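Both complexes below contain subunit A, partnered by subunit B and then by subunit C.
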Partner chain A sequence: MGNFGQLMDGFAVALTTHHVMIMVMGVLLGLIVGVLPGLGAPNGVSLLLPLTFTMDPISAIILLTSMYWGALFGGSTTSILFNIPGEPSSVATTFDGYPMAKQGQAVRALTLAFTSAGLGALTGVIVITLLSSWVASFAMRFGAAEYFAVYFMAFASFIGMAGGSPFKTLVSMMLGFAAATVGIDTISGESRLTFEFDELIGGISFLIAVIGLFGLGELLLTMEEGLKFEGVKAKLDIRTIARTVAEVPRYWVTLVRSALIGCWMGITPGGPTAASFMSYALGRRFSRRGKYFGKGEPEGIVAPETADHSAGSCALLPMLALGIPGSATAAVMMGGLMIWGLSPGPMLFSTRPDFVWGLIASMYMGNIIAVVLVLATVPLFAFILRAPFTVVGPMITIVCVIGAYTVANHVFDIWLALAFGIVGYVFKKLDYPLAPFVLAMVLGDKAEDAFRQAMLTSDGSPAIFFSNPLVSTMMGLGILLLCLPLITAVFKGGLFGRAGDAGAQGRSA
Partner chain B sequence: MDISRNTMEVATACATAAVGGIVCYGATQNGIGWNDGPEPGYFPFYIGCLIIVGSLVTIVQTVLRRTSVADIFIDGERLRTVVAFFLPIMALTLVSAWLGLYVGMALYTFYAMRVSAGFRTHTALFTAAIVVAVNFVIFEKIFMVPLLKGPILEYFGIY
Partner chain C sequence: MPSHALTAFALTLTVALPGAALAEWQPNRPVEFVAAAGPGGGTDTFARVVQSALSKNELLTTPIIVANKAGGSGAETFIYAKSNKGDPYKLYFGTQDAYVLPLANKLSYSLKDLTPVAALVFDPFILWVNPKASGIEDVKGFIAKAKEAPGQIKLGGAKAKEADETLMTLIERSTGTDLTYIPYKSGSEAAIQVAGGHITANVNNPSESVEQWKAGVQKPLCVFESERLADKTVIADGMSWNDVPTCVEAGINVPSFAQPRTVWAAADIPPEALAYYVELMTKAVATPEFKGYEERGAQIPRMLTGDAFKDFIKKHEASYAEMYKANGWLKAAE
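On to the complex of A and B.
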């Protein structure tokens, strides 16, 4: 319908030589970021963000999203070849990918992973193509109260669906809110929480937090683990690749199930990490070959990869249509949109259709380019990873320090990033989820503004949040999600019994 | 010297609770009341309160949960590795603030290659030179994002 025509216009925007070049560059940078442990998609994208300030928004977003695809693919490469997940979301790929590679089938494992990842991503993009206009037109009826309700739902679902302790999620998220509050208040013009420090008047950029929490924090963790790369040799030959691609359709049940899980987890802010774990767990539970999972079972690679990538793509839908990011990386990209002078949300579809549809079209292209490039660069990255981490680590550190400086040309920001690095390190070791922190930092101001604007229109009566069916439904859902941990705790017996053992899902990036 | 996980849980929760307290205190300076809608400090105040509540519950959970008392957060050897990695980064930041990022990254790369990775002196020097050159070209030439130069480079007329 209308969407299809607009998608074609989008392809016309995305398929210029300039933009294809940008995609290739973005994917390559993303591969590097994804392959290196200690650098992940969220902080890779935030390191690149300051460099895009001078670019036009379409090129900039294509660069960032291509980098995102590259990082997702790169993360799987190291999971399979070295048993080191380059990304939190590719942890589940190591369960069966590395055993298969150790059996001498590295190429088969890689091809399986990339093909299913590509299919997952395409499913995600198709979902975005079909749903985005609809979601946007639905969102056009939103006022301040409705916006607050949507934000409220997003925050509540993080607390309710997080795998770990809901209280740690709460603390992490509220710290994010507090960090977002620092600086000049947008409504009253007063400076808040600055304690007379001039450096804090401008506020704390979420980019600094991301570089510290995800970049430096992850580096400290990797350093502590004393990584030893036990690489598996990977030599590519075309026949194995072709045979494996032909093998993929046999796993269609797993593919469909995983893609559905991925799309759902991407749209609701569950994120790719949670999606890949859930898909792996469900795969082991429901597949006929479930008992072979963990020993190099093909379906054990297909399941997490498909879900990971479909969630990664779908996470961009709520960002574009509602202004709510579905993952930490999407949150960073949304920050970018605002910096480029675009306001994410339903209005974007009518004010900048070229931007939205150019972006969606570039997702189809970007993923195809990523599959080709990732296969071509496997031997190269295998070579890089032979270098000891004592060499790679300092290089990543320099990138992080420069990245923190370039956000606003303040040395003070580097110190902040170092502080966030320690926080990130401790929080990760203690299973505090970091994604809620970033989400709150990006959305905190907007949620508060929406709330206060709603209060202005209603003369201070909170009844406005239950004034029509739409907003009351959303608020109700939000409250229900908030209570979810409480309900499950009651059913499982004891609030203090199990809440402490945070599953890996809680570390969703 | 081992630090147990429980100690660290409690210490972290105390730290977050303290941050919550600071946030609450800061909020009171903006007014935390409700005059036809929230005053500027209204939200920060309750955010601070929630941080304190969340931290306290985490402390209680840690104390009540006895199963994982033996868990170790970090042992002495690993702590030394992490500190040995982190201190040079702080030095890098200090030097960069004073003499500029390029001088900082050159010294840091040299240190990391020579001391941590154990390469020979001229290999380390060479690596440092490459790192500076690559970053200079990427930031100053390609993306035209000027990094902090510091007095030494400015003395040589590089702004």
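On to the complex of A and C.
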């Protein structure tokens, strides 16, 4: 196996003391950056980039990727502790992570998240190792129609699983689409929904919306409920960490399912954010404990975290092999490659195998180091929660406001985040789900571009979405996921002899 | 602070300052480079290459921070420049977008809000196809195919309007063909779509497709320049950039369509600061880092400063305005 030999050479490159030190430093920096919402991995990596100009490319990419791993882990921390996702891809972690922390199980929640994330990342790296030569040619098969099909599957899996009123899910999703529309449209070059505000011409940053909807919205709710914050009761027991790590293998079904979804979404253009949402949605649907999702269910943390990290690792492959970044952070790193004098593209694997395989080897090491380091920080973070709400509340507010400002250094964004905070509060009060809104905001713009590009390519014929086996399969699966609630309703109705009743339900859905 | 102390302080300042102002202007705190593109985009790489050239060769010893303001196809950068009028600690990096964007969109900034510093280099445009997927080997084949099936050739580019779509309309007009433009987020994305056989052709800068060319999934048909590119190093199929015919040679009468890589400052910065930056950029262009960047991208080393740059801007803007008018893209009069 040629890849294996090259990987061993890569380890020889990555395992020098110098490079291991760089990994530790990168992961620590990444953790700090990931914990602060708004700053995030892309910003952190671009701040660090100038430092790498004088380094050799291998050390430089190891530093940047280690920081990326650190930031991905750090992003989950605030999701769980304060309901503020530090990274877009850790939004789905808030759904069960935060309720668990509120129930006084912050240590368990954090440990679960970090351990499953580490496992997810390792799966991703193994997939990269095995499939690197095949992925480039596979990714080439993705045209606009295929892109759209990937996004469609993500949306469909979400609608298909939505609990509660389908009408409310739809309203929430449509509002998300509207928010994603703001700014200059790629296809026509016209500005849309900007109302001639300069600040809106760049569109609404997804991070601003998340900081408002989740962080500030939750804060408003907590205040109304009378300043009680049950995290206070969290017991600080170091042994909990070890016990929780030992507990993770029990969720192997969820782990495998989520890792598969993650790798798939990382290689295709879906990306880590879509992967974590889809994995959460499918977990809720197919897990035996699905009905506990959203109430502090361990599997509800394992599912998105595993998928997020395996997608994050796999997303680096299209960047190296095609020069198409799979995530915002990958885009910054790609910029770095070009400045170091390397050209990402199909030839990189043959022209600079030492670089590519050194990087892949460092991904194994970097993730292991990251897991160990973040587990060590768990007691520290859990300790923060023991502070009374009168201290934690203002602290969250400050973090949110600073986060909103840091995204693009716009004061306007702070007001926008406050507005989203109110929206988030109203949504919660009226029992509208936030997740579809967020998903639509993340993918809406990309899905729209892909759809319109596909329609331009086919001169307006929707047949392009069923024009080859790849795209037909994806669209078919998407439609199946969309109809799943209907099908199960009919099926169950049939079993219990209440077909008419279930049919009526199906029609109303 | 008592008021007399304040007066004394102000006095020392007024005594000390003229001396400082007479001497050459020098930045004494960090300088911000604002790139009118997202990370990884052409303008982003441009700004970061200048950053690395300056700091590696210690031409600028205060820290340089690169920020990306890509919103509104980069308009965000120039609006930001407007709000930082007179601030000599910020430079803005772009292309022709600085003056082309306001043509089609109602934006709150205009060219008056910017001080032109320099155009450091020009990026040529090339017409690419995937020879295997499309069966097109040269410009003749391209035109023949376009005439055979009007509207069936899908040509990809970065963003709507602006350089890439404008260039397509020029190709259409000079060859009497009808092509369909498909906008993508970036030039490299369009290149991958051509390489994968999803669309027929694309136009972009050499650096965005060269790796696909080496891999044999893209082929350059012609370069939109009046002369062939200079580099004779063989890249793929025994061809160098110099072996790519100009489009005029090959049968598309679009003589020159290069994209300047431009540096701007806000309006009303001190003239000494402008002079300082012009000199700084001249030094940056001479560094090995910048030379390497030019070579990798097969760019045309043509630097413009001062009045030459201003003249160029005026002419370039006018030619874009004319093309936009012909395409019906000019923004509605208020």
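Following the convention adopted for this analysis, the second predicted complex is superposed on the first by the 272 of 509 C-alpha atoms of A that agree within 3 Å, B and C clash if a C-alpha of one lies under 4 Å from a C-alpha of the other, contacts with A are read in each partner's own complex, and residues count from 1 in each chain.
In the analysis below, contacts are C-beta pairs under 8 Å (C-beta built on N, C-alpha and C of every residue); 3 or more make two chains touch, one makes a residue touch a chain.
All figures in this text were calculated on a predicted structure; none of them were measured in a lab.
Touch criterion met: A:Met338 reaches subunit C, while subunit B stays clear of it. With both structures placed on the common chain, the touch criterion links A:Glu224 to subunit B but leaves subunit C unconnected. When the shared chain is aligned, no partner comes close enough to touch A:Gly34: not subunit B, not subunit C. By the document's definition of touching, of the two partners only subunit C reaches A:Asp449; subunit B does not. By the document's definition of touching, neither partner reaches A:Pro298: not subunit B, not subunit C.
When the shared chain is aligned, subunit B comes close enough to touch A:Tyr405, but subunit C does not. When the two complexes are overlaid on their common chain A, residue A:Phe195 makes contact with subunit B while staying clear of subunit C. In the superposition on chain A, A:Trp415 contacts subunit B only, with no contact to subunit C. Contacts of A:Gly124 after superposition: neither subunit B nor subunit C is touched. For the contact definition in use here, the residues of subunit A common to its subunit B contact set and its subunit C contact set are 50, 54, 185, 187-188, 190, 409, 456, 459. On the subunit A side of its complex with subunit B, the touching residues are 50-51, 54, 165, 167-168, 170-171, 174-175, 177-178, 181, 185, 187-188, 190, 192-195, 216, 219-220, 223-224, 226, 388, 390-391, 393-395, 397-398, 401-402, 405-406, 409, 411, 414-415, 418, 421-422, 425-427, 429-430, 432, 448, 451-452, 455-456, 459-460, 496, 499-500.
Interface residues of subunit B facing subunit A in the complex, by the touch rule stated above, are 5, 8-9, 12-13, 16, 19-20, 23, 26-27, 30, 34-41, 43-44, 47-48, 50-51, 53-55, 57-58, 60-62, 64-65, 68, 73-74, 78, 81-82, 85-86, 88-90, 92-93, 96-97, 101, 104-105, 108-109, 112-113, 116-118, 131, 135, 139, 143-148. Of all the residues in subunit C, the ones that touch subunit A in their complex are 38-41, 44-45, 48-49, 51-52, 55-56, 64-73, 75-76, 79, 104-108, 151, 154, 159-162, 165, 180, 182-185, 188-189, 192-193, 195-196, 198-199, 207, 210-212, 214-215, 217, 292, 296, 329.
Considering their complex, residues 42, 46, 49-50, 53-54, 139-144, 183-191, 196, 198, 201-203, 322-325, 328, 331-332, 334-335, 338-339, 341, 343-348, 408-409, 449, 453, 456-457, 459 of subunit A touch subunit C.
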